[in-house]
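Let me begin by handing over the structure; questions about it come next.
By letter and in written order, the chains are A, B, C, D, E and F; residue numbering begins at 1 in each of them.
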Amino acid sequence: MNLTMNQLGIVKRNIVRADRVAVDKLSRFGVATIHEAMGRVGLMHTYMRPVYPSAHACGTAVTVLLHPGDNWMMHVAAEQLQTGDVVVAACTTDNEDGFFGDLLATSFRARGAMGLIIDGGVRDVKDLTEMNFPVFSRAVNAKGTVKATLGSVNIPVVCAGALVNPGDVVIADADGVVVVPAAIAQQVADAAEAREANEADKRAKLAAGVLGLDMYKMREPLEKAGLKYID
Amino acid sequence: MNLTMNQLGIVKRNIVRADRVAVDKLSRFGVATIHEAMGRVGLMHTYMRPVYPSAHACGTAVTVLLHPGDNWMMHVAAEQLQTGDVVVAACTTDNEDGFFGDLLATSFRARGAMGLIIDGGVRDVKDLTEMNFPVFSRAVNAKGTVKATLGSVNIPVVCAGALVNPGDVVIADADGVVVVPAAIAQQVADAAEAREANEADKRAKLAAGVLGLDMYKMREPLEKAGLKYID
Amino acid sequence: MNLTMNQLGIVKRNIVRADRVAVDKLSRFGVATIHEAMGRVGLMHTYMRPVYPSAHACGTAVTVLLHPGDNWMMHVAAEQLQTGDVVVAACTTDNEDGFFGDLLATSFRARGAMGLIIDGGVRDVKDLTEMNFPVFSRAVNAKGTVKATLGSVNIPVVCAGALVNPGDVVIADADGVVVVPAAIAQQVADAAEAREANEADKRAKLAAGVLGLDMYKMREPLEKAGLKYID
Amino acid sequence: MNLTMNQLGIVKRNIVRADRVAVDKLSRFGVATIHEAMGRVGLMHTYMRPVYPSAHACGTAVTVLLHPGDNWMMHVAAEQLQTGDVVVAACTTDNEDGFFGDLLATSFRARGAMGLIIDGGVRDVKDLTEMNFPVFSRAVNAKGTVKATLGSVNIPVVCAGALVNPGDVVIADADGVVVVPAAIAQQVADAAEAREANEADKRAKLAAGVLGLDMYKMREPLEKAGLKYID
Amino acid sequence: MNLTMNQLGIVKRNIVRADRVAVDKLSRFGVATIHEAMGRVGLMHTYMRPVYPSAHACGTAVTVLLHPGDNWMMHVAAEQLQTGDVVVAACTTDNEDGFFGDLLATSFRARGAMGLIIDGGVRDVKDLTEMNFPVFSRAVNAKGTVKATLGSVNIPVVCAGALVNPGDVVIADADGVVVVPAAIAQQVADAAEAREANEADKRAKLAAGVLGLDMYKMREPLEKAGLKYID
Amino acid sequence: MNLTMNQLGIVKRNIVRADRVAVDKLSRFGVATIHEAMGRVGLMHTYMRPVYPSAHACGTAVTVLLHPGDNWMMHVAAEQLQTGDVVVAACTTDNEDGFFGDLLATSFRARGAMGLIIDGGVRDVKDLTEMNFPVFSRAVNAKGTVKATLGSVNIPVVCAGALVNPGDVVIADADGVVVVPAAIAQQVADAAEAREANEADKRAKLAAGVLGLDMYKMREPLEKAGLKYID
């Protein structure tokens, strides 16, 4: 079959999105908490940064595979958006051109998008900030792109080192971007909730001066590992 | 002639600055718009970042060629400044030392400078922010420099990958830094204006949910290129 | 002696901290000024950035040597903290994992810490900002760490290219991070004060339009060096 | 299920390896040819380099997920090797420690391995070269690792930006590293063969001075695109 | 005029090449010597590396401006080549795709090219080495490119930080790549010759144990600068 | 004391070199082995690479602190060399200029130097290779340097992330560069010898197909850590 061999030039219309209840629950937690809750997998590279410090996004992935210097497929992706989606754009190579700006942001928002995660560059940072449209990218770049070569929409992509399947939950905040597979979204949301419940108590103890050494009972394992105190 | 062979040690006093009317018009547009209007050339590398997010500068270039770890020529450049100039400083090698701080900013401003673009480091970020003196640099670095080796002022330089001739217009904002040759400043300003006029209408349509696919009539070319929709 | 050969697994309890009066005086000056006052040594690499723009820290170093992906020793360090300390964490290799977050920040603050300098990653940026706990790091990373391998506390470390001995003064602001050896803290503080006294006058002259060329008497040395003015 | 949530600590023993005939056929072609034949997907980042220039490897992937600074799972992986396998090692974070050296190379070779692809560091470069054991890595690093934290063997991994499933074919040469999914190995091998058959003829024509412009019939499309010749 | 504003889509056929005698003379000297002879300007960034260690090229520049992921213009450039030319390829953005391989090398050589300098990626490294066709690039990358968007041939370009005009002399060896403007080629060749004549004598003295301190008469200026010897 | 505050402008003539017998013994072992023997400290960053693959150096450090773009102190250092020394050059900032070439190599060799380790650039790579003078650097750069600003010789320096005191042993090979403090040179040499004796036996077992899992008795700790085998 040619399909598997040539992944460029495909748009998948029907994708299974993660359950909305699970997505909403996940939106209450930070990226660090969710990443821990999932067993420390699914994090994108740390070069993915928000275009403004308070940016936060959580939604179901509509994936895009771009060609360097070419944002044609972003327009194709817009039509596939549903309310609550986050666009996740990867590129067939390392490229920091400005694939996205205020016009596409206007279009994406009108079609229901909650944000954009792109392993490439974006521009119109001032407008995006004023629109409060959350974008996480590897670069800011005023350089625009052509519309000449096909990529794909809603195929599995590797974006900034993380595998993203269409419909997965993507959460992004000041700490980074994490991907939760659709099938375990509810389970991860529950685990995140449990972690967070647990943290308030720890925080209070630490604030009162209790040491992690005692709270986590680390003194014995440290001694066993050979830690030596000297004066 | 020794001149072309040894470009270090020269100060050109009389330079032809871009027309003030064109510069003023260019100052109304963003870097992304101007870069598009010019045919997508003249952009500096994306590592050039503002020292504070709202920094914006537009003016005629007084160029400086620095030696690594040496800012002697910045003082020479100060004397060549006229109101409305932007200092564009390149270095003979990759170097991120702190060539510039609040004292030079005070001097440059007093001489009429509208900002600094430097392919190197700067310091006194807090002061520069409070002064609202726009600086775009490749690094922030507390390390100062010596004053021992000659560079040049107002020779053509390559700054962050872009060729800058003295008198060219340089525009910098949150999206990056772009250089407009003096000879085409008015023409580019007009083209930028035309682009922007065009955008308001597009933005309204996209905000109303019209797809770029339809607005830009992309469906037919996409089909011809072989795009396949699957379910 | 095994001590020098195996620097992992050691906690030094008694360290000689720089004199508090000198530390307090140093806290009044910026990193660039202190770096100059010290003769331009002791600066960390420019990749060390504050997690929020206004972050400022000054204190005596409690040093930590971490293993990649492992923050066990941060908890050991917490017990060694005294009021006025700054934790300086190095790693045995380049690693940007998130070694530190809001819980450790709560603990460090409760034990008297004035901030953290870490040649690695941190997370919970939003919390750290709200807590106003100054952190300077090479990366932001949601990825947490294990607690399995011994490092050390209060041994000399190279952090971001600078040698830090326990008890040294560490000062960090928007311009970077500088280390002042404990033995010369007072002397450097005095020199910084002298430099700054000197600057107000220079600033006033430059603001009035006096050129550095004249104020610093550079015209003669420039001419001797061969500078040529052309028209 | 905990399985999907915690991918650390798992060894999958039975994996479906790509068909040996297809692997052998693929071993006759270069990485660039195979990458083209597959539709330009599956290439690792260009920072993956051979430890000696003539290194070449082709085999079925046994995957390893490592923890930074920890090569425990490399020993676990050794037991899962069969003749004709290539070990593909990813890490839960960016880390360039030396996870692999001549002892592990000796063990891997004894168990049938054809090479190692690792998104991390390796050491004993001189020995590896003398052994002619092909290794492609992101770094050379003398620093060794601990054996303290579980990773996994034979789970899907993202290695240097490419998704690798256990049993996939991995081909590496001076041009880089490419991954061919097991299910399409034969099909890709056939396509590579067809491409190469095609190239000899082209090469002869070009060597005789025929222009690509004519051989590929580019003059008309270039003219349509607006190319202008000036004197 | 549209020409200056849109530099994409142009091929200049008649260019003024540097004098052949001067080019031949320059080919006898190393890049470091020529760079010194020219007054230390015109050097490309150090990321430009030969694809095999002994690669050496010297010739007159035929310049190409590429679009990321698109090598269409390389075929257009082939037709403009004359014996003794070196192709210098820049890109409108940072891009490391494999724009060039053995087929283009075959064509370029057949048309008279002496080598390629490209601020991008190349592939077929093994073939290029066997052909002994010298290529200097910023990356090796198996990923091929499309042929969809116009760039230009024989316009001035900034390649790896150096301005190159068509017809300039480009010299590349293990130390890097340097550009000599056509107008001063003979003058630089003569200066290089003079420098080299001078070096044999110095080398002999240094080999005999004479110190640079004495040979260059540095002791007095060092003492004046304040150098202190301590025991 | 001004000495500690201004480390620029000092040459220390009398340094305590590591014992020659220990240095000679260390020269028999690889960098990876010595680094292990020393407890995994003292390794320079992995960007330090040999200028030719077979380069190997071992000797006592004569340290140099350079100013960016300025190699004046290299000539000062030459006079301080004794047979068996290795020059270790650091810079006050990140700088990749070509501080060193064949003339200095000739001089250093004539004065007894065994090689150069430099956190900067070098040139004349072809000559250095032909001379078989081992150089490990962070870059190759044809750009020369000036002689205008004082650095120091034989003060402690941080070179590529490692602290080097004059007289320490420095060993460099294809795996990297490691620093052994003079005081423990013999002890480390003995430990390295012990390690290596130990390795021949291990290598033989592994070559015979024995698994590290069994040889290092890892099965039980892996099971305790929770490793699960699945089919």
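Just so it is clear, a contact is a pair of C-beta atoms (placed from the backbone, for glycine too) under 8 Å apart; a residue touches a chain by one contact, two chains touch by 3 or more.
As the structure is a prediction and not an experimental result, all values here were calculated from the model.
If you take subunit A and subunit C together, the chains in touch with both are B, D. Remark: rotation between subunit C and subunit D after Cα superposition is 180° (nearest 5). More than half of the contact pairs at A-C come back, by residue number, in B-C, the repeat among C-D, A-E or B-C. Mostly identical positions are employed by subunit C and subunit F in their mutual contact, as over half of the interface residue numbers are shared between these two copies. Inter-chain centre distance (subunit B to subunit F, centres taken as mean C-alpha positions): 42 Å. Averaged Cα coordinates give subunit B a centre that lies 27 Å from the centre of subunit E. With centres taken as mean Cα positions, subunit F sits 32 Å from subunit D. Counting partners per residue, subunit E has 40, 46, 92, 94, 96, 141, 143, 149 as the residues that reach two or more other chains. Taken together, the chains touch in the following pairs: A-B, A-C, A-D, A-E, B-C, B-E, B-F, C-D, C-F, D-E, D-F, E-F. Interface residues of subunit E, counted against subunit B in their complex, comprise 4-8, 38-41, 45-46, 92, 94, 156, 158, 161-163, 181, 183-184, 187-188, 191. Contact residues on subunit F toward subunit E in their complex (touch as defined above): 9-14, 72, 74-76, 78-79, 96, 98, 101-104, 106-107, 109-111, 121, 123-126, 139-144, 147, 149-150. Those residues of subunit F that touch subunit D in the complex are listed here as 30-32, 35-36, 40, 43, 46, 173-176, 178, 199, 202-203, 206-209, 211-213, 216, 218, 222, 225-231. Touching subunit A in their complex are the following residues of subunit E: 67-70, 92-97, 141, 143, 146, 148-149.
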